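Two complexes come next, and they have one chain in common, subunit A, joined by subunit B in the first and subunit C in the second.
Presenting the complex of A and B:
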């Protein structure tokens, strides 16, 4: 029987229930009981009620990728229009809606949600936990994201999509110059999406600080965790600014307030401040976790740990700190005093110092390691170059007087695509190649993988590098056409060709996914011989993740024997069993000492219905159906009460010791 | 694999060079090419800053790419493929790399602040103040004078004297636009409710193209302007001409052209010296003195003007100027009337 070795029990008698300690190999009674406890309902009932972070993570990934494809198609239509001068494929109004939806889709519906997908799937696996801290909140976060995405696209088929650009400057987006439902859809959709992002961020933060496996002290967590933590804290701080901005705009448009109405003393510049106070930290929120993917996965293919773990972790946080004081660099041309511009300009240059730390850490890791040229490695190495190019053009636009020339030209379009595609899409696709075996149990095809990388890499550079030149030749962004005598014909033609090549690269990747899902080579638990916890369990992971909660002794639990840095070893097959219902261990924030047995909720329909009712509430606001709004508010309250209703099975206070200062509760760990 | 890694960047660069170089000549003549052709003290220092930054970026990019490529393909001593290297070490890379980056960035902060200081304000007091107001989708240009009769209003053309700093006050009548004449200075937003300022100075006479560069709606792509720099004497002459009201011999409704104008156009357009006093569209008093119509879209010829009146919505979709359905008789009369607006 697996439950053995009682002598290993934690000598902590302050916990009211001493968690059982032992092994639970696959097929043992304990393991079967766990599987039975954690498996979700079959069929559609499970589909709507699951709170399994792995399912939610995969849903995030797929949904966000669908949005990437939609946004990409919008981009290709625009590139077709711009490939030649004086084209009339699109009217200005159609073009304006397309670039606006392209921006909204890529920035809000793809870039962060795809990273939430990775983090949702991976966090409990990386941290050695059985789920996220708030599984139902996690489900709610996904449902609201999905509904908000559908909501923001609702007016698109009517030809009434948002058309004021993703940063939606007033007064153009105000009631006078934009009379249709388009901006209301965008404004309400953003407030709705903000709920999803906020609850997701809370979940990540609490999970990191309370749910790590015993022994995984704060300096042993993977860099992806640092990246997502930093992004989540930033989101918590900045989402209120953008939600407020969009709420004020909606009030201006529908209720008759005058926050941005110049004729009545409103201030258009207020919008720019509120938007960019959110907007710039958001940029880092959608790249830092992706940089974390590289920092964690690249070392696997270099056969050595990351160089400068501490420096990279600190740089991640320093980037975000700087990220809060650079928003004005989007507003250099608004007539603010030059002294403040020079301060924000200097801060914007300084932000590349922590980026330099990361770049040299990656290069040193490759240099000192023994690279294995698998597809993910190519994506990560290619990413480093794109990151450097995007960073350097970033320094150029940070110089205030040069920014007065470069800003709002194609140079900025080039810069932001190097940053967002280079630092988000390349690591994401590399990350999918890397974790696909964990997600599905099968390897992706290497040959197609290498093809997809080279086609994407060449297409990307052919598409976006010439945009720098277009910008230097004075081509403004957001023009639906241009005249031949402006001298922009060649660069635009190259860009358009490159963008289609890049799209072919994405297509090869998708074909690879489809083929590999069915016919990929079976992966086994650790196909890349990687170091982190997620590779210690089977692929795909069982519903309960870890049969026993592992006990961690280093940053690289699966490489310990070979690194041989100390005599301590992580205990992966022997640990806390916790089989009385949905249970996992709660640990202290810094030292990860066990503190509490957390009772996790099981599957529930409530998050789906809360998400549905909240979203319908926003639909009601859009159409001014006041009584419907009242009904939906009541429905939200009722479902929330049901959600919060005390359940005996979740009553963790009965096992929770009021005195949770358990600093020295286990000398053993 | 090694072969691939080395060849690809070179291949990309050489193909790009082959395609781009012949066109570089054409591109360098681009009307908005501020990167190679900036003029005047408000733009030139920034151009040099741009060259320094671009050159430095290219060098750094090449150095890092070479480091990365070497890191990837450098020869390694054979070792057990199963082994894992120790975690320590390599920190020197971070120290040196970040150290050098910090020093370069520190230098750039100082250099760019100095340039900002140079271009932010003219060294001498501006000789002339012009107010430019952004409209959907054209520019109103006003030269103020203490005597209101000496006031000049024109559109989409900014005439300035050579060699003198000119202060430009920037306003907006509707949404946010941005004033940008890249060869003479960087851009400044025109924000409703605010009066922004910038200055320009042309050292050589000539025509400098400008463009609205803040997205402002359907007509954003077709919102151009021109700065026409001329000698102080020529500028004085131009001002004197513009101050005059329209010299029209037939300002009565008996004239069919005048009647069409008053019926169809005067609600938005002004002709000083007549009863036409609309404020929503360009002042047409000296229409024929301008080089272009429709905010830079078309050269100002009678043919274009006629096309513009009849088909404005096709030429500039979404424009505030309607397409007028005039009979042959009416358009002929109107064209004759407009031809007198010198």
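Presenting the complex of A and C:
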């Protein structure tokens, strides 16, 4: 039919072709050719150069989980200190550094990266693609995350860790009151981490809009995708605020500018605005994808589709829209005008509406379904309960008058842990139980799984519910000890015991992972009998993901026959083959109509080196090694130019001029 | 299964605005625009509350900045034209215009350096100086990166890498340069025109 020859050029099969179409059963020539094309270098070379989104996703998950454990150990040390009044296990300065590093680790180095891990691993699988839009950027994003994490911990062993809390208010974090390297490490580390988060967000957004399987129109994508998309857009818009804030602070501290310098007209509240303009959307960025995990995985255990897909998708975005205009609720006690407090208080309360939409959708899904009480289900159901408790205390602190009473008390600590652990950690652990068979090909142990859930759930509530009471009794947050005359002894003891029980729950989970990795029951491609695309391929998936790029006709490609919502059926075994090198299909943003055959880059060392040089550049900034900074800037430039150099194999260059000698480069793969 | 016609031929690789790179640079522009928005927010937030002489040297002279703005905008036009001539298959014109854009970009940098030199304050002398040099410094960084990008495009054009069917890099690099220029209009309006609003 309409072969769209450009009017003045002969069709050239290097620039345009009819993509091969057909089937590729396991063991077929096509399938073996794909396996050969997409396989990664063996050994350490592959380790440094891989751009496979699955490998990168697993690395993200493991690295972020290690940070969770580190942050957890810090928390346990603090709980040991606070279990009894007048303890001297920690000095005040040590306590400051511990609670600061605990916050930084959990919020920046665990909570979002772990979700990036899920999304990296799952996006192409959920969307029916062979890779992310920018595989090398994906690798870069991981390396910088890793280096930024190491960077922020570099001063910890020296007893010089960041010590002004994770939101790092000036003037305490400014050059006058905080003279050591503590805050500089945090400031530069955050700018560095911001690069990683930003390029990661760009990758998710472009992948969603350009790389969906044909027929997967925008209203057929899984909810996890909506969650990560919303979070990524928010990151794109708000990360610059915090990167700028930290950069300005570093300039104040090291160069002598006066942005936050009260004596010279600078404004400490500017810090709070810039930080929370970022900080509050970030809170949603670290929960919305996790809520997406639940929205996608919970229905599998209820044996029916999610109730209210459209409502949940819209609620996800509405939450974020509100999330942009609530930052001042972190600043209610700073003396802002009443009108401002009212508006931001009202917006904060309004967030309960889209949140409730999602909660009722989950409840209705359980209610109308036939729940199967497997471990992931327990975690997801537990999440709903914790979300409701955390949401209610959220509405309470959104009320300005109550906020003034509860500001800087343990009530706020209780609230934020209910929402962050409840909405992030529980879905994450549930998600690992759910996708572990896909990651590894083996099921996790169900008995240990149930134990891990109940120990975690009981420990969690024992640890964090009493914190509400401690707050109402007036216990301020961030104090390193207290006197027994204050009447806080019992609640603190219960909290400390609960936190150790919770940690035992995490330990059981880790033991389960170790055992199941070796001895878990082999999982087939779809052990849970789930509905989405990732379960249509083998576990673990092959390097190329889909031998045949599927054609999608509904939201539940694997449940179409039983749901019988329409006469259309997705085609999973017949579709585009695309075997001429690393190729996948690019589709239109809304309708997912095929538009272009995308050439994907193969393994490359460049992302590792760019990440390394950028990180060393920040090391140079920390120590003021100006010539070293110059060398690293040049090194970054050179590696980036190599990265960007137009390649024939990616069809970024013309094929007509002076290429007869090397034209085979692109085709021999 | 008639969702689409699978016998239709499709372009391969980086085909201008179908490429992922085009979408990537648009996302980059969104996040960079946000960065400049926060920079200008910082300026307005601090200037609204200041009790200092603002700007310290009195109302800024506009002649050179306006000329410089015109130079920068002209460079945007010539980058646009350079891309246009690739599509017309007139690579020589394209190369010439790209070189012109680079010269205009470098002129902007030089004039801006002279402007910096003329200021009686620096980054550390007062709050206004901190803001002025941080904001224009940020923009200067972007211009320099943009010039490096344009230089690369010039090299690649000269090596005969691009023709009317494959030149996504020029489209992508070009739109980044347009962004750098448009952002300057906001910076210019804030730092040079806004102080006049008080004196009217």
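Here, the second predicted complex is superposed on the first by the 636 of 669 C-alpha atoms of A that agree within 3 Å, B and C clash if a C-alpha of one lies under 4 Å from a C-alpha of the other, contacts with A are read in each partner's own complex, and residues count from 1 in each chain.
Throughout what follows, contacts are C-beta pairs under 8 Å (C-beta built on N, C-alpha and C of every residue); 3 or more make two chains touch, one makes a residue touch a chain.
For clarity, every value in this text was computed on a predicted model and none was experimentally measured.
May I ask you to decide whether A:297 touches subunit B, subunit C, both, or neither, giving the answer as first, second, both or neither?
Neither partner.
After the superposition on A, what does A:91 contact: first (subunit B), second (subunit C), both or neither?
Only subunit B is touched by A:91; subunit C is not.
Counting only touches as set out at the top, which of subunit B and subunit C does A:267 meet: first, second, both, neither?
The answer is both, since A:267 touches subunit B and subunit C.
Contacts for A:24 in the overlay, against subunit B (first) and subunit C (second): which applies, first, second, both or neither?
The answer is neither, since A:24 touches no partner chain.
Return first, second, both or neither, reflecting whether A:209 touches subunit B, subunit C, both chains, or no partner chain.
Touch partner of A:209: subunit C, not subunit B.
Touching subunit B in one complex and subunit C in the other: list those residues of subunit A.
266-267
Spell out the residues on subunit A that touch subunit B in their complex, using ranges where they run on.
91-93, 96, 164-165, 169, 171-172, 176-177, 262, 266-269, 303-309, 311, 333-335, 338, 341-342, 345-346, 349-350, 352-353, 356-357, 359-361, 363-371, 373, 381, 384-385, 388-389, 392-393, 395-396, 398-405, 407-409, 454, 457-458, 461-462, 465-466, 469, 472-482, 485-491, 494, 529, 531, 555-556, 559, 562-563, 565
Would you pull the subunit A residues touching subunit C in the complex into a rising list?
1-4, 6, 8-9, 11, 14-19, 21, 133-134, 137, 198, 201-202, 205-206, 209-211, 214-215, 236-241, 243-244, 248, 251, 255-259, 261, 264-267, 270, 273-274, 277, 551, 553, 568-569, 571, 576, 585-586, 593-599, 637, 641, 644, 646, 650-658
In their complex, what parts of subunit B are in touch with subunit A?
Checking each residue of subunit B against subunit A gives 1, 4, 8, 12, 16, 19-20, 23, 26-35, 45-46, 49-50, 53-54, 57, 60-61, 64-65, 67-68, 70-72, 74, 76, 79, 81-87, 89-91, 93-94, 96-98, 101-102, 105, 108-109, 112-113, 115-117, 119-120, 136, 170, 174-176, 178, 180, 182, 185-189, 191-194, 196-197, 211-221, 317-318.
Over in the complex, which subunit C residues touch subunit A? Could you list them?
Those residues of subunit C that touch subunit A are 1, 3-15, 18-20, 23-24, 27-28, 30-32, 34-35, 37-39, 41-42, 45-46, 49-52, 123-124, 126-127, 130-131, 134, 148, 152, 156, 160-169.
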